[in-house]
């Protein structure tokens, strides 16, 4: 697929993205399930720098099985034809690059220079169903990354090559449409169809006011049946507790 | 992806397809390897009705991981939106339907009615990185099929759904462009990039005239070194044999 | 688990079982999906003697990972403690033995003597998420069998051992409760929860009267849109055809 | 399986559990192998918070492949019927919850509230052949956990559902009987059949008095043949060393 | 590894091989297990032409992951350096070629000419933990073959290349020493360490005289407990039967 | 294979090894690919103590599938016959032990005493396509290790046993000849055929002088097209920057 055909994504509002981010991966996934989308959790790529929480529209890269007649040859030949560069050209502040690298463990889709450029463009993070290389240097960039692993090999060295940018891809068992909102944290990455994002935010399980109270009780070994979810019997106790813990 | 965007494939000449068929899968694969395309053999789908030899241009169907908001619901709902029907509408006589069913063993891409229609359109055969259903009936149609298996489930029952027709797909670890020529026999299916097909036919290992002679010798336990490939020492012997076997 | 605790299964009526058999695996699976049970098709075991169609209540055997302190030692020691014998003692005419052999390819759950006994008891067939041994002899018994494969090893030789009879098991990714109705043919085996069997039979897609007509048309390359499902436009044509084909 | 049938486990003495803990996973596994139990090491789940060492009786939860007619629907519906709650009700101080989650990477068996309750009950730790969710919060609880991974999905969202409590399960290729003693550390988790636990403790390889001496020598590059195991030749040297290192 | 280093195997007596053949794969495997060798059954390769029973000494070929600096290039270059030819040079009548092809599904170790030569040398059969090519032609040769599959690719086209002849190899999870006796039938292939072959033959479960009698009874649905193994109670009945069936 | 046959490796010069180390895994792998060796990256074993960078000649250990007649019995029996000891006897300062443990997750090839000895011999590090045991103690030794995992089991407890020292092995999909140079860092381990090592060092992509400059620019979001690789247009800018950053 040539570089001339790359489509721009339509981005959701920054406000919507921000509200999605507050929902987090676990609640987003469960909410989507209750809405009839059974599994929007990208399985395989895991957090390589724990403690991150991001959300942003998906800019996508599709890799395909190596076809020597279609792939550009060599690591540095005709660099401007290499589509893993072009997916980064599409990145705007807050975007999430999502790569279908076909689960391949022998292809490092990006190295440290490309990752530096991504950081310079203020991308929010990357979700790759595959690997990066130069991990020693990349980890210092502190870019939120969900990966299957790392490898010394470059992007088109073995079984796959970058084939298309901003097409619908499969990543870790989930179909990702360019512009969908990806939210990711230590639990993993979840793809929220952009048309459903408002509904997800609305329906998302809100932390109940009593959760901090219940958490305290559960930590003391008090009955799950009474405190989670909060039973009517325990409500007066909770209200008493609230008086002493007004800021909780 | 909507049905309105489906592209037509460009078909190679019947003569070229016929010559490719005579090359066969094993020689086609080896010849492509010598031309620098290491692996064009589709791995996973195997022949389900042994003894077939077909070649034809690829008409493609891409499945994606189930996304309930994108897939049409139910087995019979809105049948005209189901893309596994539309890929068959594209079939002309001699075409090979190639399906990226993601290796899924729980989705039967086609059943017996669809397969009957395919046969009625005189398709050459099917290569599916996944399954069909109604095998009891389909096998009686005697359509050349390379499959991973069979299943009682229908096409969109579990993990995947048909997403696009006549786009470039991955099938069994090989990138297949619509219009590429697929040749398949008991060894499996090979994708020949259409632009290289003439060259493949030209470069294909021709059976040497001495092969029937050598085969006779090898079957008698004569030395491989002398008869395969035919050594200069053995050439007079071969020429003598030819006199007695003029039609070989 | 001792042999003293083995529970008897409750069998559905022969009539119900027979009606389920006429539904067949593919239609049963699709109907269950429409009823909200997404995947009742046992994946992994495939037909080892094509052309069979059976249905019957499930008698179950659960294997567990080898624990030398729990397993009976040796092939012939304490035969009456071996639970793979006891599952056969439970078999009545028309029953289907379903075995969770954990997908193990190195354990032959039954050999030819045990299989002969099963045939003598008039069992309908076996579905084993694993292997049998003595295949050379067993195939001559012509017992309908859905297997992952065959092996020379005996049942408790390597990784697993028979642990319980007539408990709920997982087989090929499907939960099977003793007494559920299993229907199996060339497409594979499907587990129908016994409480839903009547509903499955009722809701099962009936072959429409026009299907033989449509099949003829599709085989001639006539439009899928017109003949499958039968369109209103084509109905008069069908009715005309019926006059000439009164027995179809 | 209903909640009314849940059996209580019989717990070994705290003293025995404590002695098992001192044995550690590696020595326990090797000792069991010498006693004829080849492999009691649970393979798959690994330590998610390194540096822990626990032992305790197993309280078990069995998951089965999703059967929509058997599973309770939704994340919060009929919470008291959800068996992953009931397994926690069985927990007493020092218990280890062991879950057969079938290796599923798309089901988070417990979230942070359930984990908090487990901590409140002073459970020793968890071994799950699968995942938890809410890892960002759970890790702060510092519960010793051996897992296959984490996921944003809830327990019954995709392929499995909790089916039975305190039945014999398979976990990571090992059969675990409720009440067996699990010992786990950075090497992984080992299941010790409770009837064999005294023997394991007795037969466990005791650290030889000379090991600290030998370790010093080996670290200096001295011959393995001489110092491990300690040879008769090296014994006088060791005894000399002991005088200078009376507390080793 | 050069061709100059290839060692000759030592062959067991034809008589011993013949007696092993009569034992068959299932009984050989079980007998070895009783002798302490838990698993000598080669797992993965299965019979590709059912109904064969062979035994013979193993001549071995080891493949290794492709290293372009070590592998001979091309399909026909320097044919005499190709070790898959040399393994066939080692074959004498009755030998079994056993190949560690690393389970690779994209390398056809032998084609039809090589297979013809093998047949000419009167090899007993082949066990390949991988594939052959030219199956359409090879199957007509009717050589007993246990394979993982077939492929159009040639032996060194993708991931592996032939590296050594007559060294100890791993094949389908079993260590095979050159000269060990392989026995194979529809159940699969079993490697018998040559030093243990006499003992295997001696200890092999002999068919009991009462087995034909018992088989008749079991086929009639008579109790397994009474007839398999034959109980003392049933012995008079058997002796009576013998009178009427003197040749059984 | 007996211990008497172990061959010594030939070691490259310390200077060459040091230069290889400065190349690093990613550049070594890419350079080898450009030289025609597509994949020399060992896949599977990953760094278990991040931040290490080593290079050294490979001393190899080959494990084979368990054959009870060939393996020494028990954990401590006949210790001097155990080949995992002998591979360590071969270690000299700077060597890298590379083990084909067949990807087995249930065998701990080395424990803490053996690892202490390795450290005492000043080995550079270990690459094991499998596991070690006693990880709690081993990690304190801070030996650079690339592993698939850890296990409580000892080396010959389950499926494999040490079979040969300093023979050519497969490790993580790469053929490793004893004496080849292994370079390993956070990206993984790469095997450099020793005969090609000088060429790899010569051809290795040298960091261009402009890379620190370009990195600064990319981090600011400046165009990849202009700064990576450095375009002619940007060269004057770079030269200007150099004046202010003379030490970069």
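Per-chain residue numbering starts at 1, and chain names A, B, C, D, E and F are given in the order in which the chains are listed.
In this section, a contact is a pair of C-beta atoms (placed from the backbone, for glycine too) under 8 Å apart; a residue touches a chain by one contact, two chains touch by 3 or more.
Quick caveat: nothing in here was measured; it's all calculated off a predicted structure.
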| item | value |
| --- | --- |
| Set of chains whose contacts include both subunit B and subunit A | none |
| Centroid-based (C-alpha) most distant chain relative to subunit C | F |
| Most remote chain, CA-based centroid, reference being subunit D | B |
| Same-residue or different-residue interface between subunit A and subunit F, half as cut-off | different |
| For subunit E paired with subunit F, centre-to-centre distance based on mean C-alpha positions, whole Å | 37 |
| Distance from the mean Cα position of subunit D to that of subunit A, given in whole angstrom | 31 |
| Where subunit D and subunit E are represented by their mean Cα positions, the distance between them in whole Å | 41 |
| Multi-chain contact sites of subunit F, meaning residues that touch two or more partners | 38-39 |
| Contact pairs between chains, per stated definition | A-B, A-D, A-F, B-C, B-E, C-D, C-E, D-F, E-F |
| Footprint of subunit F on subunit E - complex, ascending | 1, 36-40, 64-70, 102, 159, 163, 168, 170, 173-175, 177, 193, 195-196 |
| Interface residues, subunit F side, partner subunit D - complex | 74-76, 79-80, 85, 88-89, 105-106, 108, 111, 113-114, 116-117, 119-122, 133-136, 139, 149-154, 157-158 |
| Touch list for subunit E against partner subunit C, complex | 24-26, 28-30, 33-34, 38-39, 41, 43-44, 46, 51, 53, 185-188, 190, 211, 214-215, 217-222, 224-225, 228-229 |
